[in-house]
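Shared chain: chain A. Partners: chain B in the first complex, chain C in the second.
Moving on to the complex of A and B:
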């Protein structure tokens, strides 16, 4: 058993600083563990040489007391849709199976500048289109909380299932995912870790291969809220290379006074529309328990209404497919990526390249999106969807900032992240991708539609021994409040995200 | 005379000698022409990336990751392009919009790596401008025409495809991909090819004086597409065709004239005009249907999600805000525009409108004119414009030299005109000097006059001698003149000129001849 496994990032860097353990050792262990836990299929590609080189440099910095900050020497993983210079970035698709980016995504660059050590690139649904990490050309990721990793195993959630798994399995202290409709929070909930989707525009998307530009946000996985904040502080803030980043300089969030959070000043909203069809009793029970816990500790807990919630998933689906149709247009086999072996005409080359390079899910979304964007359909679908998106945004604005007459204003909304615990792989894949996403993204995608921050934190285990998480949402740029409340709940529920047998079985 | 000279210029900068008006004229039928102009902006870098926007760089050497559509790259708007766009919009009398937006226009083509062009379809940078310009048609009086400018938008250029027919390969050069363009959409307010060519000519003058665009059509820096239809007067507009690939100002007039004529002929033969895109073929001088454009495209426009709305400060008074571009402060930096220059010339030097048009059309000619007027005191403007237009420009056209490449310095021209004005040389000698100096620009005019023996003969005795000799040789002409045929004098004058090796003062010759022929 490795002692350092249970440490927080701050504790780990403290040990690095006092010399009780070295980055090199911890990174060695990480790489070892990644190989030992290969059956989870968390990684598409490990980068051992680069990692060991980074670790060595980190060693030197600590020896000379020149460490770059708390992330220096900390092993992390990054989802395979973030460009990493000279390291193949596939989006788990055949289309990009040979794509070696010539530059680093801003997120990767900032993490490297903070001294974090990249262990490898993690598994995902092809082009992040999914909520199970089951549609990858490298095969599905498996949920580490499954009792049986051979036949009856549970999905890790998605689309950032690889990153969630890498953190849940103790391979890395933190990981980067992306979140377009819940792709960070969903696998965080299923894998029992913290998953943060920050405010749209707080973290640069430069170098993130887009799914839906207007909703994509780099997400953060960690084993606790404090670690999550340490990563956020390292990567957030304006970037000239992404015009949609918020231009106001980012002030690092300091949570050292977390204990002092006085819940009497905190207003919690329970949106009734999230009590929806398909919500499992266990999740509902967990949700209510935490609401009671907050109320009992002095918080003002109110039921609120977000009336357009039920329309959100349909609108999300339309906007998603339209942007997908557009974003995928660049994959033609000319400049990079897969190219079909047919050269009779440019049109044939395009058609075959795209037919071979994309899976059915991607192709379906491209076709549907293009249909919605046709001149004759634009008003009926895309434009209408944009209008409903605005209504959803206004719902949130109302409860956070401008309540009507007798309504309560709230600071944070508490909701389920997913409707159930992690489904069995076999059950999950019996449904179409569209049906999977319609259920999985129900509670998570509204935050993307509105651009607001949201976090999923693990609360407890279900009867089946699988994690159940809850989601907190707040108004734009209110990450501090969100993380404070999340941190408070975390302290109360004392969920041990490494308390499952597989982690230790694999390592022994 | 001036018109003909102007129109005979053979470079793309001038008009064409072959201007033909549509031959067949159906009674009561009207032609309608609208233009769409794409102008590449004169900036160091591209519209959304930092790569170079220089023409003629080695193949695929000015290509950023963004230009090559590498996934994960994002567009970052080049402020300079917006400033040039705004400046141009103001000069063309547009309403500059406080908020404009970018859209994606989708189509698959090998030189469009990303699969869509970023343009401004829904909310453009500027709207509702107009352009008033002189129209010059040989044999007709110059008149002014006005065309409404419906929209001015910023957009990306595409790359270039090169097809190797033998190897059956297509090659792509992405240097131009993402280069900044403004598209100007004019209302169908024109009727003829000449009007269209005149509009473009004026637009070129404006864009050049603003330094918005090099306007080199041969480099593709300025591209013109024309929408053309015909209809019976009083009835709605007919089905229009679009003509593309017009490579020079001369071709604009030719292509449109041809297309109007073609449509007339289709109608005459009872045919139907179809909405199609046609290409101008400069070798066969005809428009031909473009095969790959036959299928009606649906561009599936969508807002560009990676660019926030473009906001401008349109307040007339508050221009202080540092970050947002102020329309008012750009507007203060706009130089004198061609139409102002023309009316100033007419006012200050009492030039005719036609002369003013010619001077303004040729920047170098105008500079010569101004410098001569400033440095040769008392010289009549007409003497200068006559010499510049009739003699200098004719020389350039004959030699096929662009006036911009003419070797004569301002000093040369000042000295020649000074000598002409003082009567030291005559016009013929002036013409000779142009030729001599163009070959050997290092010599001074005064030296050349001496070395080449170009001084005018003003000695009365010598002139009398030449005249008497000529009269003897032209008895017939003398008789004709004395019987009232005044033109017959030219034959005798010509002979004097020949005898004096073109050096006699012609004014004195004419006066002397008139005197003695009357008295005899």
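Moving on to the complex of A and C:
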């Protein structure tokens, strides 16, 4: 077992600085591990040459005491829907299997400027449409907590399952995913790592290949809350290249975890509608226990109601498919990406390119979105969904800011992230993608509707030995409070992300 | 390396080498007892039932399929895909009863912020080669497409009930 694995990012860069270990060594180990753990299928493509070059440069900076910050020399991974200059970016789809972007996404640029070392691009559901990382042309990602990686293995969750796996397997210290309806928090919960979906607009989407423009945010995976914050501080803030970033300057969040959080000033809400049908007993028990721990330490814990929550999954489904129909129109085979061998007419070329390039899930969502957007249906579905979206968003505003009558105002909401631990692959794929998402996204997509920040943190293992996570949500731009409470819970539950058999098996 | 071990996060247990025959796949003993609560739980013990009306099953006729395929330039692949389409529409019907009188559509959560407009001047350029490199077929400095203004040839679907 490599000892440096257990360090936090701050500790790691501390050791780089005093010379006990070098970025080159750590990056070497990362690349080795990525190959040893290849059967997890976390990566679509590794970038060893670039990584070793970056590590060498980092080595020099530390030698000259010119390091760029805590992320300098830290191995990270990025989901394959973020454009990386001169590095193929596929969205796990045939449509972009040959796409080499001529530019970097802002997130990638800022990480590189902070000295972070990119190990590779991670696996995902095709165009991020899914919640299992099972719909990738490169095959599914496997959950590292599975007892058996051959027949009876569990899904990693999705759609950012590759990024979650890269962190859970100890290959990288952090990874970037994207989150439209839960695509960061869902795999984080299944793989036993921390997954943060920041406030909409806090992190630039420039270079993130869009799924649902009004909900997409870059997400962060890490093995603890402190590491997650270090990455957030490096990438957040306004960007001239994305007009939907919040223009208020981002002040780096500074929280020393040694400083005890006084829970007596913290109000926690338990939204009752999140206990929906299908919630497993173990997840329910975990949710109750953590609420109890908070209350026992002085926090004010109240039950609250978000009455429009249960409608949210339907609204999400409509808006997702409508925006997909519009977003996917750009793939025609002319300027980039896959092009069919048809020269008879433009429309014929477009149609064949798209027939060959997209999988059934993508195609059906495009068709459904077009149905909702037909002139006769536009008001009935699309506009109606946007109106209900306002009701959902106002529910959150009510509990965070403007309570009615004798209702309680709260700072943070505590809910499950997923309804169960990670399903077996065979059980999961027996359902249609549409049914999978309707169940998997129940607790996560409301935060995307309202644009508020949410985080999933691992709490414990289920009887089957799989991680169970819980979700915290707060009002827009209240990341600091969210991370403080998450950090407090993390200390109480002492979940060890790396204590699983597959990691030992691969490295011993 | 010894120093690294000592400084390791206090809440991260130091991993021991595992002997080959030692199984660690069982959940380790939790220090917290998850079945023991000190206070009456604020989490409801029973699921909150939500009922949504089930509407009529939508029927998508052949003409609609052809229209959608022409608009989307995507083919409806199979009977399963058609049934997914119909189920998605049925799923969407569930919000039709919600009262949204006087509720405005929420297009973006940043509706309080004006969209930023920048000066209309070139900030980045000289990237023609980079951009054209992505295309499979180019001629000189142009993208190439086959002849336009020819309607899409559509085949009849045989998996519908029509």
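FYI, the second predicted complex is superposed on the first by the 506 of 508 C-alpha atoms of A that agree within 3 Å, B and C clash if a C-alpha of one lies under 4 Å from a C-alpha of the other, contacts with A are read in each partner's own complex, and residues count from 1 in each chain.
Keep in mind that, in the parts below, contacts are C-beta pairs under 8 Å (C-beta built on N, C-alpha and C of every residue); 3 or more make two chains touch, one makes a residue touch a chain.
Computed from a predicted model, the values in this text were never measured in an experiment.
K.L.:
After superposition on the shared chain, which partner residues are touched by A:20: those of chain B (first), chain C (second), both, or neither?
P.N.:
It touches chain C, and chain B stays clear.
K.L.:
Touching A:378, do we find chain B (first), chain C (second), both, or neither?
P.N.:
Touch partner of A:378: chain B, not chain C.
K.L.:
Residues of chain A touched: more by chain B or chain C?
P.N.:
Touching more residues of chain A than the other partner does is C.
K.L.:
So, A:370: does it touch chain B (first), chain C (second), both, or neither?
P.N.:
After superposing on A, A:370 lies in contact with both chain B and chain C.
K.L.:
Quick check for you: in the superposed arrangement, does A:207 touch first (chain B), second (chain C), both or neither?
P.N.:
first
K.L.:
Report for A:434: first if it touches chain B alone, second if chain C alone, otherwise both or neither.
P.N.:
Second partner only, chain C.
K.L.:
On the A-aligned overlay, A:244 touches which partner chain: chain B = first, chain C = second, or both, or neither?
P.N.:
It touches chain B and chain C both.
K.L.:
Once chain A of both complexes is superposed, is A:295 in touch with chain B (first), chain C (second), both, or neither?
P.N.:
Only chain C is touched by A:295; chain B is not.
K.L.:
Go through the superposed model and pick first if A:326 touches only chain B, second if only chain C, both, or neither.
P.N.:
first
K.L.:
Would you sort A:83 into first (chain B), second (chain C), both or neither based on which partner it touches?
P.N.:
After superposition on chain A, A:83 lies in contact with chain B alone.
K.L.:
Kindly list the residues of chain A that each of chain B and chain C touches, one partner per complex.
P.N.:
Common to the two interfaces on chain A: residues 99, 102-103, 214, 240, 243-244, 325, 332, 334-336, 343, 346-347, 350, 370, 374.
K.L.:
Which residues, counting only chain C, touch chain A once they are in their complex?
P.N.:
Going by the criterion above, the answer is residues 1, 3-5, 7-9, 11-15, 17-18, 23-28, 30-32, 34-39, 41-50, 52, 60, 64, 67-69, 71-78, 80-81, 84-85, 87-89, 91-92, 94-96, 98, 100, 103-110, 113, 115-116, 118, 127, 130-131, 133-137, 143-148, 150-153.
K.L.:
Within their complex, state which residues of chain A touch chain B.
P.N.:
82-83, 91, 96, 99, 101-103, 105, 205-210, 212-214, 240-244, 322-323, 325-326, 329-330, 332, 334-336, 343, 346-347, 350, 370, 373-375, 378, 382
K.L.:
So in the complex, the part of chain B that touches chain A is made up of which residues?
P.N.:
Residues of chain B touching chain A: 65, 68-77, 104, 106, 108, 110, 113-116, 168-170, 172, 298, 300-302, 305-308.
K.L.:
In the complex formed with chain C, which residues of chain A make contact?
P.N.:
It is residues 1, 3-4, 6-8, 11, 15, 20-21, 98-100, 102-103, 147, 200-201, 214, 224, 240, 243-244, 246-247, 270, 272-273, 275-279, 284-289, 291-293, 295-296, 301-303, 308, 310-311, 314-315, 317-318, 321, 325, 332-337, 339, 342-351, 354-355, 358, 360, 363-364, 366-368, 370-372, 374, 380-381, 383-391, 393, 432-434, 438, 450-451, 460-463, 465, 476, 490-494, 496, 498-501, 504, 508 of chain A that touch chain C.
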